[in-house]
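Below you'll find the structures, each written out as structure tokens.
Next come two complexes built around chain A: one with chain B, the other with chain C.
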Partner chain A sequence: MFPELNNLLNTTPPGVEQGKLTLLCDAKTDGSFLVHHFLSFYLKANCKVCFVALVQSFSHYNIVGQKLGVSLTMARERGQLVFLEGLKSSVDVFFQAQEEPHPLQFLREASAGNLEPLYQFVREALKPVDNEEATWKCPVLLVDDLSVLLSLGLGAVAVLDFIHYCRATVCQELKGNVVALVHDSGDAEDEENDILLNGLSHQSHLILRAEGLATGFCKDVHGQLRILWRRPLKPTAQRDRSLTYQYKIQDKSVSFFAKGMSPAVL
Partner chain B sequence: MAAEATCGSGAASTKSVAEAARKSNITSFQRRGPKAGGTESSGPRLVSIAGTRPSLRNGQLLVSTGLPALDQLLGGGLAVGTVLLIEEDKYDVYSSLLFKYFLAEGLINGHVLLVASAKEDPANILQELPAPLLDDNYKKEFDEEVCDHQTPETNTKMKIAWRYQLLPKMKTGPVSSSRFGHYYDVSKRMPQELLEASNCHGFFLPQKMSSNLKVEPCSLIHGYTKLLQFIQNTIYEEGFDGSNPQKKQKNILRIGIQNLGSPLWGDDVCCTENCNNSHSLTKFLYVLRGLLRTSLSACIITMPTHLIQNKAIISRVTNLSDTVVGLESFIGSERETNPLYKDYHGLIHIRQIPRLNNLICDESDVKDLAFKLKRKLFIIERLHLPPDLSDTVSRSSKQDLAESAKLLGPGCGMMAGGKKHLDF
Partner chain C sequence: MKVETSRFSVFILPSLSLDSVEWEGRGLLKALIKKSALRGEQVHVLGCEVSEEEFREGFDSCVNSRLIYYDLFRDPLSWSKTGEAFPEGPLGVLRAICRRADPGPATIALDSLSWLLLHLPCTAVCQTLHALSHQNSYPGLNPVPHMLGDSSPVKQVHVLGLLHEELHGPGLVGVLSSLTQTETSWFSILPDFSLDLQEGPPLESQHHPDPHTSLVDPTTHLTFNLHLSKEEREAKDSLILPFQFSSEKQQVLLRPAPGQATSHIFYEPDAYDDLDQEDPDDDLDI
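Up next, the complex of A and B:
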């Protein structure tokens, strides 16, 4: 959790908003720091988190999480975190036929698969349990990242359907949040990815877009973050405002500053 | 400790040197001397596997790519459990060289090799590996030589300019400072006895395809499925995954896959833009990465990305690999005759460095890198423009040069484009 990003987004772990879809997007840079932020944020906020991690291994997320002050192993033991490790389970699914349908069953299927098993997995994971007397605040689904699903042979429409189902269940029914990362392929003309990105941008309440600098690599400024709020119900000055900040990622935190106000430049 | 590390071999001489060093250095703050690659047993306790070292930044175990200069650019080396993707140059001249360096480095360190190819028999690839510039016998002699030289030196104290005594001893010749990363002589072949001693698994697609005609319906191209099964079998049987504890010394599996995605593998991504099985390649990479992450192995893949018709696939493949290095040779292009590049044979682009156990990655500040192949060595260095020595260069030709400099790789191109766009 980066306190500076919380300030920019005007949130704190105790005051989590509910029923929101947050879209994380990165273009020409790596936006994984945003995933780490939201993971530690919701774990600190005492939410029940289902993390579909398709990019890295559990130990990677755990070690970065420890730097940000949360322990994923502890959270998993407490039952607060349900972790689906895509890389590890892909090997199991690919080499051994499973008896019950695995969330990543589509890896084995020759035709374009569907994501229903994955959705069932999410629903099971976040379903409120009676005997736990509601220790967790609200359920959260976190996906890193949706573009991998396209690479694994799923169509953009299938992924959009999946997110729509998850929104209906997590955001509406359970009053929770959904956070998902999508790569922006930029000039690579990845049509499927563009459909997915545009479709999600249309639905989401908050878009965080990390971009590499147009002028290229810089040692002291790693990129810029654009924050786009979509609050159709609040006819105030805050509505549809977009903010741009530049950022520098440090070992355990990220510092944000206004454009051109990098400490290295001043 | 420091002195012990400085000359590892020769137990008797080591002791005397160590004592001498202890007497001369009273302070407890000592510079850790570079380890001059002694016997494996005298290595530091942390590293139990030959040819590996832990990363300073993220604690990952690193292996060398076989090119110390490239190791440095990639943040110390290639992390175990990750994929290094080499984007081939147009004629696959230099990328196959990097491929061989990677395998040769594994052979020298006694790692298990797995070579997969659809074009050449893996045995032939192994035959063509470059020879290391320093074999063990020569190294021992070299170490003894260094030790002999040092013993009198440490005893005599400098009267004037005593500060120079603290400076590390200069090493002559291309001796790597440790067992991590060696230099190779591309003009010579790897000695036969080393090849025979190695443990190598070859995967030659035509052989594997003919051996088994039973094709089960799967989501992947048949060749990729076979290769994944082969890799998984090797990992399981040799015990590179933690589940099956290794009986002997722990070891690293080095996987090399040549020309992945080329038509010879049965893939059509290189032929048409809208191919039927465009997801085979990306799925293969994903499962391969899953296999690597759960085992003690590192993988190098060369891929003819310039042949892949659909750009979207390239960007997906990049996202699914860990480290991506692009090679761009000047052979056959107009840059070959351009006076700007007369010192180099091509450009090397570090396109992606993984962020492992960390928020940031070890990115080097230098983005404009060029390589050249000397008679024996493959060299990567910072791209420099040659000095303009002539007085009579006309203004117009200078501008031509400047224009062509703008056409450099993305690193330079972005800087040139910066004229119309300023971030700060």
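Up next, the complex of A and C:
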């Protein structure tokens, strides 16, 4: 996890909030550093994490995780991490018996599918087990990323329904958190992606949006991060606060600074 | 017997923008629900987007006692296999609300209309909404009073819908607007969901500057001087730049003014020099 991002978000692993949907989105840049942040953050916070990883392999996340101080292999072995490796298990859909529902069953269906098997997988992974020895703080679902599901042929409404059920189960019932990454197609006029992004934005408690700089690529400033807090649970709490920072990604950390205050230009 | 027309209002959430403080429409919906409940109306909420617990938060017991929440949030598509709570679907729930026994005025709140439009055919939703607002025309319900000498009163129904504008195309938003009475008003919502309607736009901007992005003058607390005094400014303005070649400068360079100290070069030629007194630039026309 990146300590500077924790400061901006005003969170620490011991004091993790519950029942929240966090939306990560990126436009004209790669926002995956946010996924690595939240993965290591929740593992360090002693939460049970179900990671639906559709974009990269397990070893990729493991290598980055080790730089950030967590070992995914060990977390998986002790039962803290349930990892669905989309790249590997999507091939299993075609080679396993049809009676057993596979989380990525929709890949096999000719007509527009839904994500109910994936939801059931998440539910099974995160539901509290009675005879489990270690007690985890709260369940967390992490998805990288949802735009890939649109590319695989699902409709925006199907993905919204999946997140709806995850919110109802993970956030509401199990008092856990959901974090999901969606890419913003920007000028590409992808209607389905826009519906997905806008629909999720309305449901989110926290939106982190990584954008490339409007002026183009820069060696010392990799992009801009906008943070928007929404839907405070208490009506009297401060409503809808937003902050903007620029950032630079280094080997093991990300540094944040106010706009125009990069150390390179001061 | 008085017949009152029902009203159907749709509240359109402004487009989501991360540039300004984003405004959530549910607060306005809850404020209007509170207003209806305090008038003594029963409020039926079709809840698709948030849990009942979260929706009821912020309401006092008086409002909560008049609020009936139809929970379509927990299991709208029957994935949990625990038995269908609403087998007839959301539109069936709305029709059942109309058939309810008590005759008093009522408010139906749709949270949200966008959810219904994404999951159900638009025509079915619009027809149901139209029927809700015009109950005497809905077949099978509330027979027109004068026909059978029936003295059952026409139920007054006020329908509120929360719509996330950017999820739908302009055509659909236009269709919904035609079903409603549009009213533009300025308002503010207080923390206890009381609605405060105002005459016109606020005189001062309500936007409070965020301390993190407040403008800091970077020229304060510097160890060097960035400002010019009047004399310095005048001297700077009157300075002729070295590569600006005006005719005066040309004359000054080529023909030194009389009385101006000229410089001399003292040169001792050695044995191998070939001194030519002719000026090699004579043929140039300057």
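Keep this in mind: the second predicted complex is superposed on the first by the 250 of 266 C-alpha atoms of A that agree within 3 Å, B and C clash if a C-alpha of one lies under 4 Å from a C-alpha of the other, contacts with A are read in each partner's own complex, and residues count from 1 in each chain.
Note that in this section contacts are C-beta pairs under 8 Å (C-beta built on N, C-alpha and C of every residue); 3 or more make two chains touch, one makes a residue touch a chain.
Please read these numbers as outputs of a predicted model, since none were measured by experiment.
**Student:** Sharing chain A, do chain B and chain C clash or fit in the superposition?
**Tutor:** The answer is fit.
**Student:** Between chain B and chain C, point out the one touching more chain A residues.
**Tutor:** Comparing touch counts on chain A for chain B and chain C gives B.
**Student:** With the C-alpha centre of chain A at the apex, what angle separates the C-alpha centres of chain B and chain C, reported to the nearest 10°?
**Tutor:** Here the answer is 110 degrees.
**Student:** First (chain B), second (chain C), both or neither: which does A:Asp130 touch?
**Tutor:** A:Asp130 sits against neither chain B nor chain C.
**Student:** A:Arg209 contacts which: chain B (first), chain C (second), both, neither?
**Tutor:** second
**Student:** If we overlay the two complexes on their shared chain A, which of chain B and chain C does A:Thr244 touch? Say first, second, both or neither.
**Tutor:** A:Thr244: touches chain C, not chain B.
**Student:** Contact-wise, after the overlay, does A:Tyr165 reach chain B, chain C, both or neither (first, second, both, neither)?
**Tutor:** second
**Student:** With both complexes superposed on chain A, which partner does A:Glu100 reach: first (chain B), second (chain C), both or neither?
**Tutor:** neither
**Student:** On the overlay, how many Å separate the closest CA atoms of chain B and chain C?
**Tutor:** In this superposition, no C-alpha atom of chain B lies closer than 13 Å to one of chain C.
**Student:** Per the definitions at the top, what is the overlap between the chain A residues touching chain B and those touching chain C?
**Tutor:** none
**Student:** Which positions of chain A touch chain B when the two form their complex?
**Tutor:** Checking each residue of chain A against chain B gives 30, 32-33, 36, 57, 59-60, 63-64, 67, 86-91, 94-95, 107-110, 147-148, 150-153, 183, 185-193, 213-219, 221-222, 224, 246, 249-252, 254, 259-262, 265.
**Student:** So in the complex, which bits of chain C are touching chain A?
**Tutor:** Within the complex, chain C touches chain A at residues 13, 16, 18, 21-24, 49, 51, 53-54, 57-58, 73-77, 79, 114, 118-119, 164, 166-167, 191-193, 210, 212-213.
**Student:** Sort out for me which residues of chain B touch chain A in the complex.
**Tutor:** It comes out as residues 58, 217-219, 228-229, 232, 279, 282-283, 286-287, 289-291, 293-294, 311-312, 314-316, 319-320, 355-361, 363, 365, 367, 410-411, 414-415, 417-418, 421-424.
**Student:** For a test of understanding, state which residues of chain A touch chain C in their complex under the given definition.
**Tutor:** Touch residues, chain A against chain C: 114, 116, 119-120, 157, 160-161, 164-165, 168, 172, 194-195, 198-199, 201-203, 207, 209, 226, 228, 230-231, 233-236, 239-244, 258.
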